[in-house]
């Protein structure tokens, strides 16, 4: 069994039962919707107690439950052809240069981690059309150099 | 003159003067740093009063000032090879499927606009390493169908 | 079951029954042919009452009916190798630069929405060969900037 | 001199003079804005009397005038990274399958010509946001087979 | 059933029976070998009377017969890795620029149609090695402009 | 100097002088238009006496004349974005499978040479629109196997 | 049945029987190992008497035997990820320019045929590590021009 | 001035002076050779005191010195065509799956940081041919989930 | 059976049994974890005694055991979308130029072998977060030239 | 100065002087034509005494001479569009699978080195058309495993 086959099975069950993702996330619990849905779609893992609950909810075999607990091969083919996902891709293309310039000036030479990373999504009511709000924060990781001579600052940090 | 040549000229002046982006954004004013830096890097336009101020600050010709007021051909080549920008690209790859599932369930069949869109970035002090926080919100745009028969709901919105 | 499998099943039934798309669209009703055919080919969803009717017409299971009501992963692989679809692709390549220049000059800095979008297709009789006419309109979406200082115009709109 | 260099020169002059495309198209005249702007951007030719007028307006040399009268190597690199042009590309991806199905059913086996093709663009006032309207028509070109035996219908046309 | 599966089935039967393409084309008749073989390989359709004959010859079901009468999604993945097909691809790469220059000078701004197109292939006996001869002709399609002012020549045709 | 620079220079002179390709080919003579134009566009060489004549006509230096006599790095980037050249590319995609099947059945296992190859192009008057006719012939090259045991036929040729 | 399925079947039998390629080539005979293994892997055909022997050896059906006698769609996806095959690919990248320069100077304007081509591979004992030796020869094919005026040399051959 | 132009200038000076990288790294000092050479080749920055020393050594202007202190747009086009760099790329292709399996089993769900990363290279004398030894270590970064319910383990760490 | 199918079977058994890679590597023994896991994932072979042990452990058929002893088609599709593997890919992109410069200066013109290559991975305890340490060494392979005239040094080695 | 600029300069001088590659290789001497031409075209280095002679022959500056002695960034963009080079590329595609099978069976698990590699090219007179003969040999490099337990054979070598 591949992870894609497990995902397809989960989607089949969700469709048959008429469940929403919100319902599934509530039933599995322990985390918010994004990481749970991501794991069920094959982009992350569920820790053991949650894999346990997911297995119960979906009536999975023990082997399938273990697969949910494994780290999958993450990532999807790019560029995304689906309009909803493409808009995020476009935001990276258009805003990438400014984000790089501003983060490096403010923090130094490094990156915003995509691993030590937190993301929340909610709905913002608005009379001219509700808005999708996404708040994310990632730890700034400065490039490190090990073994610099005395007095040489680490280049990952903002210099005076 | 191409927009790339203007960007290179602006970066040369910034480097010679020893200016920071924060300084430049303050001098031009009127908007926050992201859209100003984006426009100077060739990914957006400056409205006339700001293009005026930028031209004064950088000592540009009138023609260069007008170019800053033009909408450029946006976007950069992908995938990004630079690690800082790549992390954002990776976030889209890994979280795209969950974002699609959750936004469509919550809002209906549509997208988060990348045009009617707002983004702020700030620094989150944290004893285990400061964090980059990005807050963004985009208007939800439901797919529209014009001319549906009476009683047929619009498919862009959440159905009961 | 994947959406591709459902599409293949629908095409098999259409072929067996000898139905035309026009017949199918009339039977399902409620919308014009383009969105109905698009949904059946896996590029859109049918709202519940139409998914209901489609399920009845094609003799689908309840699960299949629900799948028709889900937003699929839209988009197809590009460039299109099929000549009919390629001609549209070519039109974007050849006319894209002029459309960008003219729309931005007339409307300001923004895009024509592909979501709040309407399209009709019909046949234009012509003695030198009938013509395919496509009329489309999309809402102009101006780039927005939230939080501009007083007196700074929004850059998505046409400036004086 | 390459065509790209001529385009850049024309854009430089337009910027210096502060002309709009509407003004340029009016001055050159004889055709609507789309084909004139397309030709000046290097995606088409101007017929001799119009190339003459464009040369006068922009103060071009005779050689440059002749280049405007030449058919350029059309087309741009794809996929378009610019959001305005990308939306048209997306429309082809998402609606391509339905357009193929419907055109072939209505007309037979063939294509909508991208050469014997007409396109107009205008602004549609709308209280909920003005719209970009594009009307296009292309001659239907049926696939031809030369030399079919008697009684065998041509496959480019709709069969009974 | 997909068109690829039908093609595979036809090839299986051809192999079992030990038929040649020449035999198959003769049996189906009505057209020359190229369009018949193309349709059986999934790159074109057979009109109804020919689909009928093909179905009889291959012992197909009515549904399969209908599929042969449908326009398939044409085109194959490129560049071709097969040496025989690659040589044609190479001819386009190497001779494309000269063909463009000569056709445009002789005919005006337009294309040779790949739809209103005829192609024959035969064997040319030659003492130093027989030759493959391909004769093709396509209608010249001039770019059209609808709505030119009086006295402005159409740019698709050769100007004086 | 690169070959691209020489091509650009030749095109500049052609434009200044107002020459046609037909005129240039007549002046250089010795071969038909296709190979001469191809060589001047950087896709072939001119043999010495013709390079001599071309140099005289265009007023080239001796070094430039020698470059015209060199075999260039042939080929252009694919897929072609220009509509005229794309139609030929499409013909390969759509007809490639049938050409392969028919040539192999008629000739055996091999290819039509793109090197020992001849091509002519002319205009076919036609009351419903003139046609571009291209006649090409290439030597059939059978795959060879050297050293087959006695009695084993060469696999490049048609077997009984 | 596709050719890939036949190849997989042949590999399964080879594995079960514990045969080597050398054994298989000896059993089929008539040619050396390279073309036999190539054909069994789906990159060439076996002439009838050899297909006969291969069918006997592997216990194939008559239909499978015929498939072995068909010319397959040759070629594999590139660049090769397998290190052994990649080294050959790299040799083309690194030595291609020198081979082109030297062959054209020695032979004239043409190519080394990949069809009228012979290749042998053997082991070269060497105290510092045995070597793989590959000897290949291909007929030089000069570019031909048919119809040159009298006295104009053919450009495929070396000029004085 | 672009970073590529600065790199080219530095290489020109290095070549004229006949310096080795070892010499340059010693002169600039403060770090080992890899990060210094990387920065001079445009893949990293030099902290201010080192940029100062590099400027002195190479006789750079103050503006060039500042550019050396800027974080460049990192990364190079892939796949690498150069054999030396390709071997590292191949190592990732061939060993990637095993590294993923082993790191995830040993550490949990996360990555080896390419930012908080250290690398040393040295020469290993060996009678059968000296060896290149590369020692690298990167901080393990566990995927984090913020806001898990009580008792739910963090999924980035190894579970019991 | 393909190698991918065997890999999937091995992963299914591992999951059912609840084995770790460490356990599997210990059971098979004879080599360290990296080459064993690599072989089981289809990127290498197991020598006969180890394939024997693996077959026993997993309960494989004799044919499957033989497949484990075969060299697979190595390599995976690139760029890797999985974050863990991507970080290694990024290291090649960012450090490739410096590695090339330093290795060539130290060793001469050649490469670090990816075949005569050794790699070990271990965990480095660290109070600020444990680290992944990878130590690798590959034989330096100098480019060779056979047949240089007397007194001409071999170019693969460092020259004085 | 880049290596491409040096190559262009060398080709300009070669053309002006009317030299052949054979003449240049004879003048520089010490090695055969392939490595000398390869180095001058930017795909290799010349050792110091040969770089010295090349500099004298071409009248280069000392800096240019040093550049000839540097290892360039090898490799060219693929797939090659030039027919002569493409034929070699095709040979890898078509014969790659057989070469892999046969080399691995004869030698074990490893590769033919592209570094410890020798290649000669000559002309083979033949009454049916002269042939290009290429003889190449590369050292077989077995995959190595360091640290195997006693009695475990090295997997790079042929097992009994």
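We call the chains A, B, C, D, E, F, G, H, I and J, going by the order they appear; numbering starts again at 1 in every chain.
As a convention for this text, contacts are C-beta pairs under 8 Å (C-beta built on N, C-alpha and C of every residue); 3 or more make two chains touch, one makes a residue touch a chain.
Chain-to-protein mapping (UniProt): A, B, C, D, E, F, G, H, I, J = Cyanate hydratase.
Quick caveat, the model's predicted, so the values are computed rather than measured.
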Fraction-based call for chain C (Cyanate hydratase) against chain B (Cyanate hydratase), same above half, different below: same
Chain centre separation (chain B (Cyanate hydratase), chain D (Cyanate hydratase); CA means) in Å: 29
Rounded Å distance between chain E (Cyanate hydratase) and chain I (Cyanate hydratase), as computed from the means of their C-alpha atoms: 48
Interface hub residues of chain G (Cyanate hydratase), defined as touching at least two other chains: 35, 44, 73-76, 78-83, 86, 90, 93-94, 100, 104, 110-111, 113-117, 141
Chain pairs in mutual contact under the definition given at the outset: A-B, A-C, A-D, A-H, A-I, B-C, B-D, B-H, B-I, C-D, C-E, C-F, D-E, D-F, E-F, E-G, E-J, F-G, F-J, G-H, G-I, G-J, H-I, H-J, I-J
Chain B (Cyanate hydratase) partner contacts - residues on chain D (Cyanate hydratase) that touch it in the complex: 8, 12, 15-16, 18, 80-83, 86
Chain C (Cyanate hydratase) residues touching chain D (Cyanate hydratase) - in the complex, by the definition given at the top: 20-22, 33-35, 37-38, 41-44, 74-76, 78-80, 82-85, 87-107, 110-114, 116-117, 119, 121, 123-124, 126, 128-141
Footprint of chain H (Cyanate hydratase) on chain G (Cyanate hydratase) - complex, ascending: 79, 81, 83, 86, 90, 93-94
Of all residues in chain H (Cyanate hydratase), those that touch chain A (Cyanate hydratase) in their complex: 29-32, 35, 44-50, 69, 71, 73, 100, 104, 109-111, 113, 115-118, 141-149, 151-156, 159
Chain F (Cyanate hydratase) partner contacts - residues on chain D (Cyanate hydratase) that touch it in the complex: 1-2, 62-63, 66-67, 70, 73-78, 114-115
